[in-house]
Structures are given as C-alpha cells and as structure tokens.
Amino acid sequence: MPTTFLSNALRGTFFCIFGLWWSVRYPLKYLRRKANAESQPSNGVQRAEVFEGAVKAFFALAGILVEQFVPAGPHLQLYSPKTHSWTDLTPWRYTTMYLFFLLSGIVDVVSHSQLKLPLGLDRLSLAVALFIEGLLFCFHDYNDAALDHHVHSLLAVAVFAGALCALLEVFLRDHIILETLRTSSFLLQGSWLWQIGFVLSPPWGGPGWDQSDRSNLAFLTMCFCWHYAGALAVLAANSAASRCCNESCQLKLGDIDVELDCGMCIRKGKSGSGGALLPENGSDDK
Amino acid sequence: MPTTFLSNALRGTFFCIFGLWWSVRYPLKYLRRKANAESQPSNGVQRAEVFEGAVKAFFALAGILVEQFVPAGPHLQLYSPKTHSWTDLTPWRYTTMYLFFLLSGIVDVVSHSQLKLPLGLDRLSLAVALFIEGLLFCFHDYNDAALDHHVHSLLAVAVFAGALCALLEVFLRDHIILETLRTSSFLLQGSWLWQIGFVLSPPWGGPGWDQSDRSNLAFLTMCFCWHYAGALAVLAANSAASRCCNESCQLKLGDIDVELDCGMCIRKGKSGSGGALLPENGSDDK
Amino acid sequence: MPTTFLSNALRGTFFCIFGLWWSVRYPLKYLRRKANAESQPSNGVQRAEVFEGAVKAFFALAGILVEQFVPAGPHLQLYSPKTHSWTDLTPWRYTTMYLFFLLSGIVDVVSHSQLKLPLGLDRLSLAVALFIEGLLFCFHDYNDAALDHHVHSLLAVAVFAGALCALLEVFLRDHIILETLRTSSFLLQGSWLWQIGFVLSPPWGGPGWDQSDRSNLAFLTMCFCWHYAGALAVLAANSAASRCCNESCQLKLGDIDVELDCGMCIRKGKSGSGGALLPENGSDDK
Amino acid sequence: MPTTFLSNALRGTFFCIFGLWWSVRYPLKYLRRKANAESQPSNGVQRAEVFEGAVKAFFALAGILVEQFVPAGPHLQLYSPKTHSWTDLTPWRYTTMYLFFLLSGIVDVVSHSQLKLPLGLDRLSLAVALFIEGLLFCFHDYNDAALDHHVHSLLAVAVFAGALCALLEVFLRDHIILETLRTSSFLLQGSWLWQIGFVLSPPWGGPGWDQSDRSNLAFLTMCFCWHYAGALAVLAANSAASRCCNESCQLKLGDIDVELDCGMCIRKGKSGSGGALLPENGSDDK
C-alpha cells in the first residue's frame, strides 16, 4: 500500500473523527441549552473543549513526528548540501499544516483553563489553521497535473468553508447553524481526503486515475457533491440519534449533564441547579 | 423540439414559479407583520413553508426520475463496462443538483413540523442547494465553447446571489429586503434558463447561436441585465397588486389571515387578536 | 472633440456632482443628528432623498435618450437586417447601465413618498445599479486592448466598493462611515471617468495613450490612487466647510433645518421641537 | 548593501514596530477594560492613539522624502522630457503607499483631538491605506518574474487580511480578537518584508534567488506560514509578559493607568473615578 494513500487516509480519518464527534456533541449541547435556558457555559462544555484541544494537539504532534521521521522523511533537514537544492518539500508542507493545528489545540486547552483568555480565541485559532491549510493547497504547484489540481481545488472549497464558519463563530458563538455547517465541512473534508487517496494513489497499487481524461474531472466534481450529501446524511442521523438518546435519558434520570466520556449519562445530583442557587442565597452583599 | 431546450425550459419554469409565488407571499407577509406588530410566526406562514418544501421536494424528485429514466438517460448507470469509460455525465450532473433541492425541500417540511429543529436550517439548506448548483456550473468543463461558458457564468452570478441571500437569511430572518433580493434572483435565474435554452438549442431546431461571434457575448451580457430589469418589474407589479388586494380585503373583512390556498382571503373570527388578548387577561400572576 | 471623451466626461460629471452634494449633505445630517439625538428622519432629509432620486432619474433618462438618439446612435435598433449582425452595442451597454440608475431614482422617489415602502429599498436599488454597472464593465470584451482593460478594471474597483457600501447601508442605515465611504467612491468614480476620457480619447484629438506600453499601466494604477487621495481631500474640505457653516449658522439662528435648497439656512420657527411636543401633549389616549 | 534590501528592511521594521507596540498595548487595554468594566475610553487610550498617529505620519513623511530625494530618486519628477517616457516609477509607487499611511496618521491625530470626528474614522483610514497598498502590489506588473510575483502575492494576503480587520473594526470597535488579528497581520507583514529583501536582493550582494526554480516557490509558501507562526509566538509572549507585568503592578499600586511612556506605571490618584463623579455632581441643569 503506497504511503501517499495511507497519509491521505490518516488525515481523512482525523477530520472524520472530529466531524463525527461534533455531530453528536453540538446537537446535545443545543438541546441542553434550550432546555435549561441558561447561557452560562457548563463545566461539561469546558471540559469537552479542553479534551478536544488535547486530542487535536496530540494528533497534530504525532503527524509532525511521522512526517519528519519516517525512513523516507526529511528528518528535520530542509536543504540538502549534497545536491545544493531543497529536499523533498512535501513532508515539510504537511508539517507546516500540522503545526497550526497543534497551535489551535494548545490555544483550545489554554483558553478553557484557569487563566481566562478572551472568548473566541479558540475559534480564531481553528480558523487560522484552516486558512493556512487552504493557502498551502491553493499556492501549491501541481505541475500541470490537472486531476491533482482539481481534487485539491475541491478540497480547498471544503477547507475555506470550514475556515469561514470558524471565523464567523468568533463573533457569533454557540450558533447551532454555524456549528452544523462547520461539522459538515469537517466530515466532507475527511471523506474527500479518503477519495483523494483512492484517486491519486489507489491502495491496491498501480497508477492513479488518468490525469488527462476530462470526464474524470467531471465525475469528481459530482462525486464531491455526493460526499457532501453523505456528510449531511451522517450529520442528520447522528443528530437524530443523540436527540432520541437525550430524551430517553432525561425521562429516566431527570437532571443530566453531558460528560466528556463519550455520551455516557451520569447523574450529577442536581449540582447544576444547586450551584446556581447557592450564589444567589449566599451573596447578600449585592 | 430538442430535449436540451425542454429541460432548460422546465428548470426555468420551476424557478419562475417559485419567484412568482414569493413575489406575492413576502409582500403580504410583510404587510401583515407591520399591521399586527406581532413577531410570532403565524400558522399560515408555517403551513406555507411546509407547502413550499413539499412542492420543491416533489419537483426535485420528478426531475431526478426524468433525468435518469428518459429513454436516452443513464438509468442509474454511471460506468459503462462496454466502453470502459463513464457514461454521459450530464444527466448525473442535474441529478446531483436536484438531489440537493430535494434535501432542501425535506428540511423545509421537517423543520416546520412538530419536532422543532433550529430556526434557520431551512434557509441554510436552500443556500447549500444553490451553492452546489453554482459550484457544478463553475467547475463544469465547457470545452472551449465560449458562448456556452459565458451564459453559464452569468447564470452562476444569479445563482450565487441567491445563495448569498439565503445564507444571510439564516442570521437575519424575515428581512423583507433579503427576501425581495432572493425572489428577484429566482426570477432572474428562471428567465435566464429559458434564454439559455433559446441560445444553445432553439426550440425550432437548428444549431444554437454562433459560439465564436464575440458580439453575441456582448449582447447576452446586456440581455442578462434586461432579464433582471424584467424580474424587478414583475416583482414590483406583483408586490403592488398584492398590496392593493390586501388593502381592499382588509377594508371588507377586518381581520384576515393569508392562507396557503393561493391568496384566498378567509375570515378567521379575529382569532389572532382574541388569542393575543387571552393571555394578558388570564395571566394575573405576573 | 471626440464623442467618447464627451460621454466619459458627462458620466464623470454626474458622479462628481452626486459625490460633492453628498460630501456636504451627510456631514450636516450627522451633525444635526448628534445635536438633536432624535433618531426620527426629519422632513428635510425625506425631501432631500426625493430630490436626489428625481435628479438621478432625470439624468439617467437624459443619458438613455442621448445614447439612443444621437445621429450615430442605434435609434432603438438592436439588430441590423442589412448586415445580418448586431448593431454597435456600445450605446446599448450604456443604455442598460442608465436604465438601472433610472430605476434606482424611481425607487428613491417612491420609497420616500406617501406609500411607505420598506426602508432600505432605496439603498438596495442603488447597490443593484452599481453592481450591474460593474458587471457590464467586468464582462466587457476589451479585445486585447490592455490599457483599456486596465483602466476599466480600476474603475470596476471603485464601482464595486460603492456597491458594497450601498448594500451594507441596507442593514446599517445612516452610518456616517459608510456614507463617507460611498461618497468618496462616487467622487473617485467621477474623476476616474474623466481620466479615462483623457487616456483613451484625448479632447484635443489624436489617438489615446499607447496601449502596449507597460509603464502606462503602472502609471495609471498610481494615478488611480492619487485620484482617491484627491477625492478624500475634497471630501474632508467639504465636511470641514459644512461643519463651520453649520456652527456659525447655529450661533446666529438657533434651531435650523437643512433644506433642499443647496445649504441655505432657513429659520423654521422651532417647528421641529414644536412638532415633537404636540403629539405627546395631544395624544392622551396612550 | 543594495538599496532594495535596505528599503524593504526599513518598511518591514516599521510594520514590526507597530505590531510589537500593539502586542503590548491591546492586551493591557483589554485587561484594564475587564477590570474596570467601564466602557468609556480613558485619556491614556486617547493619548496613545494620537501618539501612534503622529509616529505613523512621521514615518510615512520620512519615507516619502527618502523615496523622492535619495540621489537616484526621481526628485518629484514624473515624466522625463529627455527620453519622452515615464521616469522609474518604483519610488513613485512607494510614495503613493506612504501618502495614504500619512493620511491615516493625520486622521488618527485629528480624530482623537478636541474636534470630535465620527468614531471609526481612524480605523477606516487605516483600512484604506492597507487596501491601497494591496491594490498597488496586486496590479503591479512583475514582468514574468515568477518568484517576485509569488512573494508579493503572499505579502498581499497579509496586507488584505490586515485591511479587512481594520475595516471590521469600524463596526466592531475595541474587539480584542480583531485587534489581535490585526497585530499579527502587521507582524507578519513586517517580517515578510525582511524576507522579501533577503530573497530578491540579499544584503551580502549577489543576485537574488533563482526566479525560475519552482521549489523556491514551494519553500517560500511554507516560509510565509512559518513567519506567521513566529508572529503568533511573539504576540503570545508579549501578551503574557504584559499580563504578568500588569498583575504585579496592580498588586503594588492599586489604581494604575497605562500611560503613553512605554508601559511605565504612574499612579493617577484615582483621577479617573474622581473625574467621572464631578460632572454628575456639577451638572444639575439636567
């Protein structure tokens, strides 16, 4: 199996996992917010954001290390003194991308920790990471490989859509429509990266698709749309499932908090409402 | 009559019908909102949205079936094993477009039904359908047919304008200016699709216009503007007519609700104001 | 003097007049709004808008008639049966542009008349007129005349900036910064149209500038920036002058209303505040 | 050392200085605003803005004079009658750029002085200066020098990002995220100008990098991203440092005002709150 397919598939899996996780988390958050009508972010949400950031940073760091230190990698070497030219810059390009996702992960963790950074910095850092990714795909020189260029142009559409959503979320935080759109763009990006892998370097070996065949371009444009339709279907199914799950849980348990541990429902002894009552009773100095 | 003309005309008719329907509905909704100064969406509006969604989904589904199962269609076959190449992808392209309008119709119906989906999802799904349509027209390979490319570029302007409006409406719902702009973009798109039919495959047979004549391009650019002027004129006429109709109805009947059944005025026994009075009288606990 | 220069100069004068008028009107409106802190639009503002619309519509109509009925014009003829081809489409292009400014003028007049159209429709119609203008310049085929293309690309920058401002004003009405920006874009467009006239068809006859000389392009790009600097300077001078005038008037006269008649100060016998008191006293049914 | 390197380095230093200054000032302003929860701009902020404007105007004026009056400069001469052609237009291009920064500086000074100009004019003038800069880089003719074009395209990305931020700040003033983004875009622009100097005209003499080598383009795209990562790191370090400094100062001194003199802490005897009390007590005519 060629490494190019593998790396595209791993990247795609990363985006898919995030998309799937968000397709469960955001609907639940939305339902809870509507039920409670409290605008204050709960502890569960905070912890989820920190967890997400840590996972993102870990994946990004792992990606950087793999890109650099696989046997064929550049081992942090940028300029080859032997050939008096740059080494193969592809791993460096991905290293650069991952670096910004690593940054985004770190900002996520830090901004939801004790030191209160300005709200929206986490979304901004995600938007920056996606814009840099899109920039690197756009300014890449595809060497007249029309198909290669085409599939990456379509990828850039998905990337910039996600970046724009994240940027808007800086100003319109916790807007369920924007979160849905961002989730769908991540699912699309993830599944499209798999598709790119299959198109440019099939896992069963052999050359990729014919670069010069124009009907391949036409097919892939449509295929991109079908991927998006699929992403929306997965999103809808997950939202419906999390809604059903949420309702059945609430019937049984009363007051529930969505915790980090993958949707398991844990009774919290009405600590939320108790915590909300305490300050009002205890603070008579106002 | 060539099928290309017919399919363009049918598509155009679909968009024109929606544009015309909205050019009556939105002014009436605006006038009623101003008169009542109640921000709550009435049942009539809800039902109209569900009806629209159902019609949209029906048309889209019909379009998909026609594209696939006309005698010359691909019959759901994508790859021809005989020629070892893709089948003719044009019907598939339109199938993909219709698929997203089908999705938009379904979201319309579902989001205004009993299960309360987040507000704005219907507009988002319309925006997505239009963006996908524009994307498919933009990334299409026109094979150096300059005229073909030109008329579809102009179409894409109309499509993206509509998509942008629908996207803004996610955040600024029930904004009469945005609704007017969206209506005009639909009318423009509809009449321009008719024009494309006449230009590329005239209904009286024979070849389309000369692809290499530059003055054709110049004429069609202007023609596009005239179509928009026409769309605005139709919009203005319909708005004025619905305003007159609304005022004469109100003079006769008092309290009226715009119902689904195509503008027929039904007296509702002042249920609106009665319903508004009841809570104020009945709720003395405030 | 070639007609091309004359027509460019006339167009430029139209935009300059509007820019100059606004550079006096908007600062005065802003100062009065700040002084009164009343958000209701006064009668003076209404009348100014109606007057502007009428002037705009009159100029546009005159432009259409001139373009069509000058001796060399097409006299409403679009297709020449003699040569079996389109007539010269340039006058038609300008006719199309003026048509939308005519529309914008009519909407201005109607929307500030007795029948209350939705607020923002006047700005929308202006934005549409400018977008159509920009579209016609962008999609125009410049026939490999690099200089021609370049100066019209720069013009399109000014046009689209104005269109964007007008579109934003639909949502952010009476925002002094947007009004300033729109005014400056009109001044720029006007003076740049004069420049285009001098570059492409000098009034003293002879051919225009060398189309193939690259340093001409470089110079004109800079020149465009200087025009903008000049527009800003004129805007600043007019704002300062109207401010001084406003302050000296207020010292002498007390309560003043900016009237249509070109900045002349007319004492209105405190009708504004009197009119504001009356409803409060007279309407005891609230 | 070639003058091209020097001029790029000087320009870069200008932007870096502003970026560094803002990376200290904005976090401090944000912290003080959060601590005081008073929305009124303090005198310190006003004075800082005036100072910034004066420095900007001074640098811009110096830049104009240097560009024009160095021995090889055009000495305000635009057209060479000897060769019947334009003189070298490069110094004029930079003169034009600096002119708008000069304007922006003057607007800064004037708008925060006694005569109260509309709020947001300072941000608008900065946005205009950056847009003009980007326009001049975009419309410049790079004469098929691919590398030259590439590095300036990347520069334009940074410039337009900054312009967009400044434009948004017209409407969303004192938004810490926008200020952070603008600061980072200035740091990026500054350091990238240094990089351009090294690439196109190395300070140790000799020709610049190979214009035709495609791997140079690929490397520089990545390098641009690393510069941004560096800019973000500097920004984060400065923010953290100013936060620590702010906290330790507050512990010692109580009520502190950030003054112009480079972060020195001066006790102001609670003049702020005293000043806020006086008008309320003294003005009984309300």
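Note that the chains take the letters A, B, C and D in the order they are written out, and that residue 1 is the start of every chain.
Following the convention adopted for this analysis, a residue touches a chain if its C-beta (ideal position, glycine included) is under 8 Å from a C-beta of that chain, and two chains touch if they have at least 3 such contacts.
Being a predicted model, the structure only gives us computed values, none of them experimental.
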Numbering shared by both copies at the chain D-chain C contact, with half separating same from different: different
Farthest chain (mean CA position) relative to chain C: A
Superposing rotation of chain B relative to chain C, computed on C-alpha atoms, to nearest 5°: 90
Approximate Å spacing (C-alpha centroids) for the pair chain A, chain B: 33
Computed distance of Cα centres, chain D from chain B, in Å: 46
Contact pairs between chains, per stated definition: A-B, A-D, B-C, C-D
Chain B partner contacts - residues on chain A that touch it in the complex: 30, 150, 153-154, 157, 172, 176-177, 180-181, 213-219, 221-222, 224-226, 228-229, 232
Chain A-touching residues of chain B, taken from the complex the two chains share: 78, 85-86, 89, 92-93, 96, 99-100, 103, 118, 120-121, 124, 128, 132, 135-136, 139-141, 143, 170-171
